[in-house]
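Chains: A, B, C and D, in written order; residue numbering restarts at 1 for each.
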Amino acid sequence: MSVLPRVAASFAAQSLMQTLGAEMISAADGRCTIAAPILPGSRQQHGFGHAGLTFAIGDSAAGYAALSVMPEDREVLTVEMKINLLAPARGERLVAEGRVVKAGRRLVIVSAQVFAEEDGRRTAVALLQGTMMPV
Amino acid sequence: MSVLPRVAASFAAQSLMQTLGAEMISAADGRCTIAAPILPGSRQQHGFGHAGLTFAIGDSAAGYAALSVMPEDREVLTVEMKINLLAPARGERLVAEGRVVKAGRRLVIVSAQVFAEEDGRRTAVALLQGTMMPV
Amino acid sequence: MSVLPRVAASFAAQSLMQTLGAEMISAADGRCTIAAPILPGSRQQHGFGHAGLTFAIGDSAAGYAALSVMPEDREVLTVEMKINLLAPARGERLVAEGRVVKAGRRLVIVSAQVFAEEDGRRTAVALLQGTMMPV
Amino acid sequence: MSVLPRVAASFAAQSLMQTLGAEMISAADGRCTIAAPILPGSRQQHGFGHAGLTFAIGDSAAGYAALSVMPEDREVLTVEMKINLLAPARGERLVAEGRVVKAGRRLVIVSAQVFAEEDGRRTAVALLQGTMMPV
């Protein structure tokens, strides 16, 4: 459950993550976990977590999973990301788990799952698959 | 540049849109435009608009474009959405333009473009393609 | 390694699968495996398997995984599919493994991996994620 | 309606395109059109064109649109492609129209539409959005 220092520094510089109350749980070895409460200000019209919240932490978990396998002086940009929504984001908190599928020299293929936690139970709410580019 | 009342009501009930400062510009006849400033709290690590912001308003513009062609008592859910990021979201404001590609009985295929506005110039920053489901 | 009879019948009726030399290895319980040789007539300009071949068997393995969990009288259609290509399809044969991620009443979310086999070694060449609709 | 010679040469070297009976109609200036009959051997279980056929010519039209704006000594690879299927591929022939959305130095974002022609009428059957990489 460690976080690489340079990944933590990049995450801390993303003001949207602070606005959403997101927290980096771990980031190392091609994996990254980010959690965020479903704040009163992060909801869609039925009171569930907004797809924009789900995407934001899923994409970030995938991106920081990629960054965790890059050389020190690199950063990563999202080239493209696809999200399938599996269930409403109902509960207190979302947890996104990103992982590297394949790290190439020019592109890194990534995946992420997002879960909603409600009363201690976890439900998968989204699956993401995308491409990151080292810069 | 009109907004259908039931679309406006649904949009107003999405607290994330308020958190992001997003505003619905128009929504009718299978098209919808949503704009949002790149607030201090909506940024990624280089100070540009976060991909989560770009996705949130692009997905919403696409979804409300779909809702604008639905019967009165329906809502729409995002089934899946794919975003290609074309350029950094640099500037003062993002504008998302969603449109219906094909409205079926069970599913609605949608598309959206997101532009960044900087000093009066517009740059395309993202292209989205996805599926909405009437419920 | 069993194949449900109704899945086998549907697969046998897909003439493109025969044109490509594809064979259904197994299909049951939300999983399906399809293999196809990289025929002289299935190649791209460098002699590797064409992305159209990779997609065709990946999409079919995902679709038949979905069909394997449907009631007897249903069929499935691909709503949308996203493919990330990980490596050239180099070797003698491609093997696609599809699985159901989430089976809903109205939509089934699916995933597939495609591997190339060369001299007994397996390389992942593609990852697919998509949506099937029961009809 | 011209075809750049180096694009034509690459297309001619793709044996799958010949197997599918595909023909390059035009390729220049960031646009490419490819047509293919719905051959007896290119079908799904209901006799319509297989999604693998639709994808193959859509992806190729998008890829060759990208190649048409590349320097002479380059080729392009598909990084990822997303396809939304809009209607069954019913009729005599499919026509795919690819275009460059944004040509970057490292990546080219592309889009394609695929139409089915039946008795002289054209129906949109698929929309594709993806990423090509110059190599």
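In this text, a residue touches a chain if its C-beta (ideal position, glycine included) is under 8 Å from a C-beta of that chain, and two chains touch if they have at least 3 such contacts.
These numbers were taken from a predicted model, which means no experiment stands behind them.
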Can you name the chain that lies farthest from chain C, using the mean of each chain's Cα atoms as its centre? B
Mean-CA-position distance for chain D and chain A (Å): 33
Could you work out how far the Cα centre of chain B sits from that of chain D, in whole Å? 28
Check each residue of chain D and list the ones that touch at least two other chains. 79-80, 82, 84, 131
By the document's touch definition, which label belongs to this structure's chain graph: line, ring, star, complete, or other? complete
Report the residues of chain D in contact with chain C in the complex, numbered from low to high. 10-11, 13-20, 40-45, 50-53, 55-57, 59-60, 75, 77-85
The answer for chain A against chain D in the complex is residues 79-80, 82, 106-107, 131, 133
In their complex, what parts of chain C are in touch with chain A? 82, 84, 86-87, 101-102, 109, 111, 124, 127, 129-131
